[in-house]
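Could you have a look at this structure, given as structure tokens, before my questions?
We call the chains A, B, C, D and E, going by the order they appear; numbering starts again at 1 in every chain.
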Amino acid sequence: EGLSTPNLSYRTGPFAATGIPLMNGQRDYMLMLNARDGGIGGVPVDFSECETGYSTEKGVECYEATKGDAIVTQPWSTGITLQVLPKTNVDEIPILAPGYGFSPMADGSVFNWAFNMPGSYWDAASMILNEISGNDLSTLSGQKIAFLHLDHPFGKEPLPFLENMAEEHGFELLPIPVGLKEMQNQSAQWLQIRRERPDYVVMWGWGAMNAGALTEAVKTRYPMDQFLGVWWSGHDGDMEALGEAGTGYRSISYSAPQPDAQVMADIREYVFDKGDSLATESELDWVFYQRGLVISAMLAEGIKTAQDHFGEGEITASQLRWGLENINLTDERLAEMGMTGMVAPFSTSCSNHTGHAGGWMLQWNGSEWEVASDHLMPDSEAIRPLEVAAAAEYAEANAPWPIADCE
Amino acid sequence: MLDAEKTNNALLEVNNIEVIYNHVILVLKGVSLSVPKGGITALLGGNGAGKTTTLKAISNLLHSERGEVTKGSVSYQGQEVQELNPAALVKRGVIQVMEGRHCFEHLTVEENLLTGAYTRRDGRAEIERDLEMVYTYFPRLKERRKSQAGYTSGGEQQMCAMGRALMSRPETVLLDEPSMGLAPQLVEQIFEIVKSVNEGEGTTFLLAEQNTNVALKYAHYGYILENGRVVMDGPADELRENPDVKEFYLGVSDDGRKSFRDVRSYRRRKRWLS
Amino acid sequence: MEFLKKLFVDPFVEMVSYPDFLMQVLWEGLVSGVLYSLIALGFVLIFRSSRIFNFAQGIMVVFAALTLVGFHAMGIPAWVSVIFTLGVMALLAITIERVVLRPLVGQPDIILFMATIGITLFLIGGGELIFGGETKRMITSDLGIPTGSVDFEPFGGLLILQHLDITSVAAAVVLVTGLLIFLNKTRMGRAIRALGDDHQAALSVGISLRTVWVLVWFIAGVIALMTGIFWGARAGVSFALEVIAYKALPVLMLGGLESITGAIVGGLAIGLLEKLFEIYWGQPLLGGGTETWFAFVLALIVLLFRPQGLFGEKIIERV
Amino acid sequence: MSVTDLEPYTTEDGREIGGVVMEMKNITLRFGGVVAIKDISFDIRQGEIRAIIGPNGAGKSSMLNVISGFYTPSEGQVWYQGQPRPAMKPFEIARQGVARTFQNIALFEGMSTLDNIMTGRLTHMKSSMLSQGLWWGKAQQEEAKHREVVEKVIDFLEIQNIRKTPVGRLPYGLKKRVELARALAAEPQILLLDEPMAGMNVEEKEDMSRFILDVNDEFGTTIALIEHDMGVVMDLSDRVVVMDYGKKIGDGTPDEVRNNQDVIDAYLGVAN
Amino acid sequence: MFYNTAGQFKTSYTKDQSLFPVKQDAILLGVVLLCAWIIFPMTASEFTFKTMLMPVLCYSLAALGLNVLTGFAGQLSLGTAAFMGVGAFACYKLITIFPEMNIIVAILLSGVFSSAVGVAFGLPSLRIKGFYLAIATLAAQFFLVWLFEKWHWLSNHNPSGAIEVPNIDMFGITVAGPNAAPVTQYYLILAIVTLITIVTINLTRGNQGRIWKATRDMDIAAELIGINLLKSKLTAFAVSSYIVGVAGALFVFLNLGAAEPNFFDIPLSFKILFIAIIGGLGSVMGNFMGAILIVALPVVIKFLPDAIGLEINPATVEHLNIMTVGALIIFFLIIEPHGLARLWQLIREKLIIWPFPH
């Protein structure tokens, strides 16, 4: 009955606001494929959602409930990812965490089953540093960068990388945690920012934290052009509420909205206009919705790669693993998919499960996001050794842990 | 006198009610009473006979104790009242003084009294006047009017509860064990007050009492409850003369009052029913 | 030595060196304090009249705010939406009384407390079902609440006061004054207090639990709406707001569960102190985030000396 | 016989009355502005039944609370067995052999009658938590041994049939009896009873009187008793203290007290 | 008339005090144990193990711990989750510092740490009562979670702040970590839960139980009849936090496999409180019934529409689920405020007098 690709979604709970457009994008893309092409490679996609409310406990429930005939699991929270990660080795099911999860998952020799293309949090952090330093990290020396983050595995994820960079390039890193209960009342954090006068504030926020931080930033009169966020901190909904006051705020993104892309026309034709979508009209142009499309497109590409390689329509989980490991998303292929410019081309391999596609800086112009940079790339040379070391450490702590030979 | 009018002038009538607590404990097994207007009716009986339950069944306070009337009916002024809520009953003039005082601990004595006038709408002056009246009945309360009821002695709390009920200008008062824990002269005093309110204002009283002696002295009519059933009833003076009542409820035998010291020399168990 | 200096000297030096910053910290503390007080007030009112520790107050804030925004989104003018929302809150009060409280009259405190958590869950589920999970914008300007800010430059520094915050402080003052008059000067006020002591006795003197409870829950709903408007204007209206209910707990404990004054003093004290502590001690010495627990620990310490809170009724212990 | 004469003696019905076991010396108790007890002294002798009477609010219960350690006197001291009693927690006083009942019944409503009475034994139980957790050896034996004592009390007070009933459901009078049983189960030296017969009819009062007398007689337990029923007080007690407004206004044998004009004025009224 | 207690006389006090004076109860328990030990493990799928059977047991145990404190000793606690956290983090440290340590020993030992922390936060209970005491436990709740978050040593400096359970063997069988078989873990959990339950039943029906209950029902009277309140309350805190700590360690090590500090936040405390109250305060068996209702039922509701092929938006299901849980709580509180255990007792009483109405 098709390719089972469950999504551990969260349309409820404190993070629902940012989750919903992403989930809608993912869902609509798969519906569109089914309606337009009859699925992938002629096999319909069985895209189902299991609600987690961003709770790790429910995440495990969903994982267990859906893993049976699934060919992939999409845990959708760094916390759930961490929990499910070691299990996927045993259950032999690929875990797809596009742009989230554990950055060292890039090292496919250790994390055989985990994929986080097209970029990891360390990639994001690296690109942000590149952007503010004008691609010369040494200029950051002596500067102060506040790292405002959700006090949760997600928010802490880039810390090792940033600390490493701070030490190497001589800037001061000031981590400022925001507890789950303080997301909406960040006055203490912003008083600290006012006191410390950092040169930049980099935000790893999610859900209600983003809006809270932006509102406080305006109140504190922190210069918006020195305020940057990770790709989950660039939600149209939050920015629209802020309007003009948010002008200048930037968010790194591995995806870029392309309202005129062919794929959007298809989505409208095959899904939205038929009333099958859960999204609203204005949501279709949102960064998060379109990123949802990209996420499903990457999964579909993995499936297709596997189908082509194995010559079967109904692929298995381990066949999909191979597919995800051998994605080669070129410009031509993107054009074929009608998604030119929505994500940068990248390819994966046994040892590289992230793809490191890089991204763009999006900037809020007062009413919508604009691409405000050339294509940016992370500093792979700095990241790779850290990934390998962290992956090795993980494998050791969780021994016995299978290591693949990628040569 | 009053007893002749009893049947045709009943203010409050309880018809064969059955009460069950917690869905399983059957407590009243068919109790019928008839309370004449302007009279003092006593409900007598030992511990656990069901006096309190009867009173609560009348004033509809059983509900919050997980009890319910499963059979029979209660009518006041000829109308059935089981469905009314307690507040509505108070407005109709039936108020209960609960067993065990139940004062509002954190309110002062005076505030306690004033809550008694909650349902009244006849203006401050009238309420002030009644407050003074209560204070003349219970001078001790006046002394302690400003202290929190929770810190007054047991007897003071009893007075407070009585006074609070009187503040509602009731037509009928259901009094549950008013004498409990009161000093002897206060017991007399309270019953004197009952009597004078009864005579002066024409207020009807239904009182549950253990102190049979005093109760029968002041009541006009009495019911004796045992094990959830009415086992005997009659005008107070007749009951007073009944030899069984004398022996078991008044503690006097044929040769006068016996000393409590002598009780251990013999054991008695006699019941009309059970 | 060094540590002691950081603990006892540096914070004060900093306060004196940057008085404008100190003033900003105090103002921010004051504003959060006022909002804490408002939530705590809703609690207190219900607790006084029924000894119910109403955990649902937090979700009522969210619910009221969402309803308001929801009505407005349907194209109803802002002030009419406010009136409709009040209607919904009244309906909610009636329903809660009818469905939850009435059958539970006379049950132990903890049971009623649990029941209010049940209400909370029900409202969360129901609210998300009706309104969806997205963050909504509070209709601040439609309601005529001024936005923008005034700046002062004390001691050559900068002090920014948001108009919104000033308005919320003023509105809270009005509300509290009204409440105090209602509770202390009216017959209903006395009945509310009596009810808190003894349900049965209150019933027996003819106080109608139903009326009082519906009234009290409705007033709590009004307070919730007001809190929702001001808090929502700061951070948007979403279910994440619900966690601010936790902040009201230490406020209540500190001030005393049944005292209006306590709710206000407790709220302000906690608002101010937790901010001061976080900024001058928590962030430099403890890695920040102390606001999650500071209020609780403060309340705990105060309770050790006054087990009924600063203004609570003395617990009567007699045998 | 006079109150000041402290020689041991035997009462008419053959009970042995010994020397003083407990003595209140100039006890004063204040609550903020309220003076509940004003400079009261009296003694309790071994084996006697000592009544405390007085109008409502006189301070009788407060006096009992001082004796059992719930209130600490503002001034004055309690002497026990010839020694001034140091400041102690109520539970320590209970462990010295002082047991009591309460004016407003203080039973443990969530437990059965049996368990309530068993709590009276806990000052005598010693098995460790560990052995209780394993329900092995000492704990189990102890449980059975004390159950036996408790069953005796239950038989004695004739409450066998409510053994397993939750006390919350019992009628008032039976609750009082269970409370007495709990106090008796502790096998106290001194038993303090606060209005044990309030809310009872004559028949029940007779029962209760019988229990009190039997306890006093069979175990030689000293009893201090507050009661408003003058019939009971006068019949049962050996000596009576009379309080009014926190002051002592009389002390002596029932007959002496009955004829004391102050007592008549303040409390008894003409009726008695 | 199958539930007839007539004719079951006891000839000694010891027998009367035995666990199941009524024969039918013992039989019923036997059936329950049979299901738990033999039938479920033979029939359950991995999903059932992981999301229902094991969580129900762990939650029951935590609720049992809470029940000792709140239900038996009458001290309201809203900090259960934090004490579970202490257990889990303690176990993690024990396992990583002493990799040779037997996991069972480590789990049972980790309770000792939470017990100590529990006693520390229980100290104010002598002065502070009722809802005000809840503040002490809330302080524990928020402070401890903050500490788990900030004190990186606890999670061995894991950047995410979470603890992750490595593969652990016992007698050659993998019992914890991703490689462990659910059946093995289930049996381990079941064994520990059964053991602790039996000990708790013994504790609560004997002298210690009476001391706690007396403290709960009326602490002043309890003190006046000779109970050392401080000791009584602190032992309750100690025993309760011990059980809760073990439950936390069990849950994380044998069921979840990983946990971040926020997992131990207040919603978890409330969930356990629900279980204890819905099950019945002051009852041991109630915890199990409560856990089935609060933990397993939502899982069933959640996956039911899917299982029967009903197409409902999962978010809607979740909303309805939350509403259902809320409504169920209110519903059960109304029909029997003393919980499922009391409800069961009432049914039993009715059965005894059946077919007569009273």
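Here is the rule we go by: contacts are C-beta pairs under 8 Å (C-beta built on N, C-alpha and C of every residue); 3 or more make two chains touch, one makes a residue touch a chain.
Note that the coordinates shown come from a computational prediction; the quantities given were computed from them, not determined experimentally.
Engineer: Looking only at C-beta pairs in contact, point me to the busier pair out of B-C and B-E.
Structural biologist: Looking at contacts between chains, B-C has the larger number.
Engineer: Which chain has its C-alpha centroid at the greatest distance from the C-alpha centroid of chain E?
Structural biologist: For chain E, the chain whose C-alpha mean is farthest off is B.
Engineer: Report, in whole Å, the distance between the mean C-alpha point of chain A and the mean C-alpha point of chain E.
Structural biologist: Here chain A and chain E have centroids separated by 38 Å.
Engineer: Using mean C-alpha positions as chain centres, tell me how far chain B is from chain D in Å, no decimals.
Structural biologist: Each chain reduced to its C-alpha mean, chain B and chain D end up 29 Å apart.
Engineer: What is the distance in Å between the mean C-alpha positions of chain D and chain E?
Structural biologist: 42
Engineer: Enumerate the residues of chain B that touch no fewer than two other chains.
Structural biologist: Expected reply: 25, 151.
Engineer: What are the residues of chain E that contact at least two other chains?
Structural biologist: Expected reply: 146, 149, 220-221, 224, 315, 318-319, 322.
Engineer: Spell out, as numbers or ranges, the residues of chain A touching 2 or more other chains.
Structural biologist: 11-12, 16, 151, 177, 179-180
Engineer: Sort out for me which residues of chain C touch chain E in the complex.
Structural biologist: 53, 99-100, 103-104, 107-111, 113-115, 117-126, 128-129, 133, 246, 249-250, 253, 257, 286-287, 289-290, 292-293, 296-297, 299-300, 303-304, 307-309, 312, 315, 317, 319
Engineer: Considering only the defined contacts, which chain E positions touch chain A in the complex?
Structural biologist: 46-47, 50-51, 55, 146, 149, 156, 159-162, 164, 166-167, 177-179, 256-260, 262-263, 265, 299, 302-303, 306, 313-315, 317-319, 322
Engineer: Taking the touch rule as given, give the residues of chain D at its contact with chain B in the complex, in rising order.
Structural biologist: Per the stated touch rule, the residues are 13, 31, 34, 54-58, 61, 103-104, 169-174, 195, 198-207, 209-210, 213-214, 228-232, 235-236, 267-269, 271-272.
Engineer: Would you tell me which residues of chain D are touching chain E in their complex?
Structural biologist: So the residues of chain D in touch with chain E come to 68-70, 89-91, 94-95, 99-100, 102, 106-111, 115, 118-120, 122-123, 125, 127, 129, 132-135, 139-140, 142-144, 147-148, 151, 182-183, 186.
Engineer: Using the touch definition from the top, list the residues of chain C that touch chain A in their complex.
Structural biologist: Going by the criterion above, the answer is residues 18, 21, 24-25, 28, 31-32, 128, 132-135, 137, 149, 160, 162, 231, 234-236, 238-241, 243-244, 246, 275, 278-279, 282-283, 287-289, 291-292.
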